[in-house]
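What follows is a pair of complexes built around subunit A, which joins subunit B in one and subunit C in the other.
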Partner chain A sequence: MTVVALKQISTARNGVGAFILQCKKMDFHYCDWAGSSKGMNGFIKSVLPRFAAAHPQIEFQVSPRPSKHPVIVGHYINGKKKTICVRNLDPLQVLKKAELLREASGEKLKRTTKPVTSSNPSVRGIWSPFHGEGLKV
Partner chain B sequence: MRRIIHLRRSSRLLGDCSCSTRPSVSSAPTSRCLVQHQHQHRDFSSPASRRPQVPAQTPNISRSYAQLHLKPKNPLANYEPRNGQVEEYLPEEDPDADLVDADIPTEIKPPGRLRSAPRPDDVETDYTPALTAEGLEEVGGVADWWEDDNHWSPSLEYVGFGRRDKITDHAVLEALTRRAVVEALAVREVEGEAALGGTWQEGGREALLRALEVNLVVGEDGFVALDGKVTSIVEDLKSRPEAADSEQQQGQEDFVLPAQQATEFRKSWDKSWKTISLEDPRLKFAVNKRVQQLTGHIIPDHKLLTANTVAAYLSILVKPPPAKKLAEVIAQKRELLSLPNVTVYPRRVTPIDKEKMVGRWKVIVNELDKRDLPIVGTGGYSKEPERKWAMGKA
Partner chain C sequence: MSRSLLRSVLELRTPVSRLSPTPLLPIRARLMHQTSQIIEPSPVAPESIINNTAVKQPPQQTSTSTTPPPSNPVHQQPSPLSPASLDPSIGTLLPLLAAQPAHYITIHIHGRPYLVTAGDQLRLPFKMPGVVPGDVLRLNRASTLGSRDFTLRGAPYVDERLFECRAVVLGTEAEPMRVMIKKKRRCRRKRHVFSKHKYTVLRISEVKVAKLGEMEV
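Moving on, here comes the complex of A and B:
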């Protein structure tokens, strides 16, 4: 049973009280022949067993992709997926990319222009013209 | 009325006419010239003269071989008027008349004379000719004549110099290379360098073990000393005609060193024998020839040029095993497979596999069947042209 997003009754605050990892599945594709997969193959052989054991909440799938560059695909509980090509990287660099995908939220990357970003709405609530005393013209 | 001479002669041959003034093929020779050619170049028309001459045992061989490819003797069988013009058939002479009978002894058995069945009119029986070929038994024919082993002699079979089946085991290859080196050095020591290019017998089990038991002592200056029965090794290489035909000798020739025994031999040898120099081209040639004879491996010249020691030669001869696939390594280590959240596939996961994983593939197949669409592939259907039109393309 894969992890799915909770039905939202209120705004989700992931990490406030409970934390659900957004990455639910990771695919590792490699090529047996190509030299660009050398680091990826070493990662799968030597590093992935520890990485996978440390993240039991993520499903890992390892499969060849012959005659293609190696890639890591992260699947997220919002239904999106992110792909990173790891050609010509050594095993530790591949591990960095795998950690990047693990920590991603699955959302599209957005440009942050404000120094503070908050998802908490105002304590005063949303203004409504039908409530309160109204504005007299 | 115009008369056209109908000849069964290729225009290519006619184009080579010496009496023709123009050498081009399109030039039309005179009818006299055609008739002359028919007599002069009769031997070119028979297929037997266009291919290498088949040696014949009896005088009838070449004649009957040529007859197989000749057309029926009835001169009017091929007569047919063309375009309303009356053709005159120019009868050929007897094709057997000018064929030279070759009296070369051979062990092949050629097919006999061509015999034709009598015409239905000539048979004085109640014979009723069939109107269709359906259901009739096919008899005669020489199409598969040379496919029959009874028509060949075993002595005509090709016998290669090296082994037909190449030896692939690493230990056996190394052992046979050592045998070749020992034998080449022994021949050079006993009979001199001139004997290195001679013909050597493959030898049986005894000769093999005798050569492998010789100790090679390599000095610091590269000098190699043979410690063993050098003379008997050289004698083993020489042919013995009295024992050549015996079946026991034949059985011994096919002896292949078992891999386990070769491994034991390899462990017992000092590695210094691989430093033996092959700079001498005669020695290298003798070793290479012997290795080809014993193992069936042919080393190309450009690689042989770089092999100046036995170790370099072995690195060319003995191919490293193919690299294991990552899925095999993972299956061997069992470390990843023991984790419950890891799945390893030995081959590419295709879109069909992904559909099968979620149980949707059956539904897709049923729906495609209903619409009479191909299950896999496009089935020759092109992409929708409307998209192309919308993009403003033609």
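Moving on, here comes the complex of A and C:
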């Protein structure tokens, strides 16, 4: 009898028990000189301290990126990242983009038609014609 | 950038600050901060709605026409149920339903039914305003509550004291960009219309049937 590793007996379901925000890190890149970074610079000066203080579960990193458009990058638990260019946006619009990254799950966008995704087995079981009262012909 | 704009930006931070500073806090600790005003019905109690619409209530149905409408349905604690307000068959059959392990429930959000079990992910067909990830919603509209062998059907809704269903807001998802090409016949011009909808994703964290011990006075 060989030793067999245990199969995974449960799948992680965020929100059942503990809830963990999927966004783990956000990078803010700006340029001091370029005009397209004007709103981003104002966002970093005025809005970002509060935004970062309200999200202790996210790591925030601010770094210059000279002669490029300003960019926000969100890193997610599943290893993926999302990048949004925020050129020529004002601080309020940049804040909306940051909130979008915060609320995203990191997954690739998919078109789904069913609202409910379930990994549980069917509660009432599968219907069988051989059980129950039967059908009189 | 003007000072007033800065000030308005600083004032805008209320929804973000609602997120708890400790992410791994037990969910129960934040139940009091739930933003359930979106899902909750209008101050008109469901009982009065039933009385207005349904003409005659059959005895099997679970509507509570005799109970006084709760004053504040949002933060209403599950009060001990009086057997007189409910159908007598519930008293005998609900413990049997609760004893079976798995339950399903058909919850209604904005009038749409969703058949869910505990642990399911629910993608609403709209973006719910005023919620942030981690919020807990108490869903109190259900038309069906069942286990493997028993089903409790509401008319039109199950009494909200008979079950407890909670959902956690996971975040907002979007769909891939849709492109629709508008084209008229015999004309070369084509117009591309883009749309991208956003959806709020919930996780059903709890589906619980009320204990009969709390019901009997």
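A few comments on the model shown:
Keep in mind that, in the parts below, the second predicted complex is superposed on the first by the 105 of 137 C-alpha atoms of A that agree within 3 Å, B and C clash if a C-alpha of one lies under 4 Å from a C-alpha of the other, contacts with A are read in each partner's own complex, and residues count from 1 in each chain.
Everything that follows uses one rule, which is that contacts are C-beta pairs under 8 Å (C-beta built on N, C-alpha and C of every residue); 3 or more make two chains touch, one makes a residue touch a chain.
What you see is a predicted model, and the numbers here were worked out from it, not measured in a lab.
When the two complexes are overlaid on their common chain A, residue A:Ile44 makes contact with subunit B while staying clear of subunit C.
Contact with subunit B, but none with subunit C, is seen for A:Pro66 once the two complexes are overlaid on the shared chain.
When subunit B and subunit C are set side by side, the one touching more residues of subunit A is C. In the superposition on chain A, A:Ala18 contacts subunit C only, with no contact to subunit B.
Contact with subunit C, but none with subunit B, is seen for A:Val116 once the two complexes are overlaid on the shared chain. In the superposition on chain A, A:Pro56 contacts both subunit B and subunit C. Taken together, the two complexes place residues 55-57 of subunit A in contact with subunit B and also with subunit C. Per the touch definition, subunit A reaches subunit C in the complex via residues 13-22, 38-39, 42-43, 46-47, 50-51, 54-57, 90-92, 95, 99-100, 102-105, 107, 109-112, 115-121, 123-125. By the touch criterion given at the top, residues 1, 5-6, 8-10, 12-13, 16-17, 19, 21-24, 26-27, 102-104, 114-125, 132-134, 146-148, 167-168, 170-176, 201, 203, 205 of subunit C touch subunit A in their complex. Against subunit A, in their complex, subunit B makes its touches with residues 323, 325-327, 329-330, 333, 335-336, 339-349. Per the touch definition, subunit A reaches subunit B in the complex via residues 30, 32, 41, 44-45, 48-49, 52-53, 55-66.
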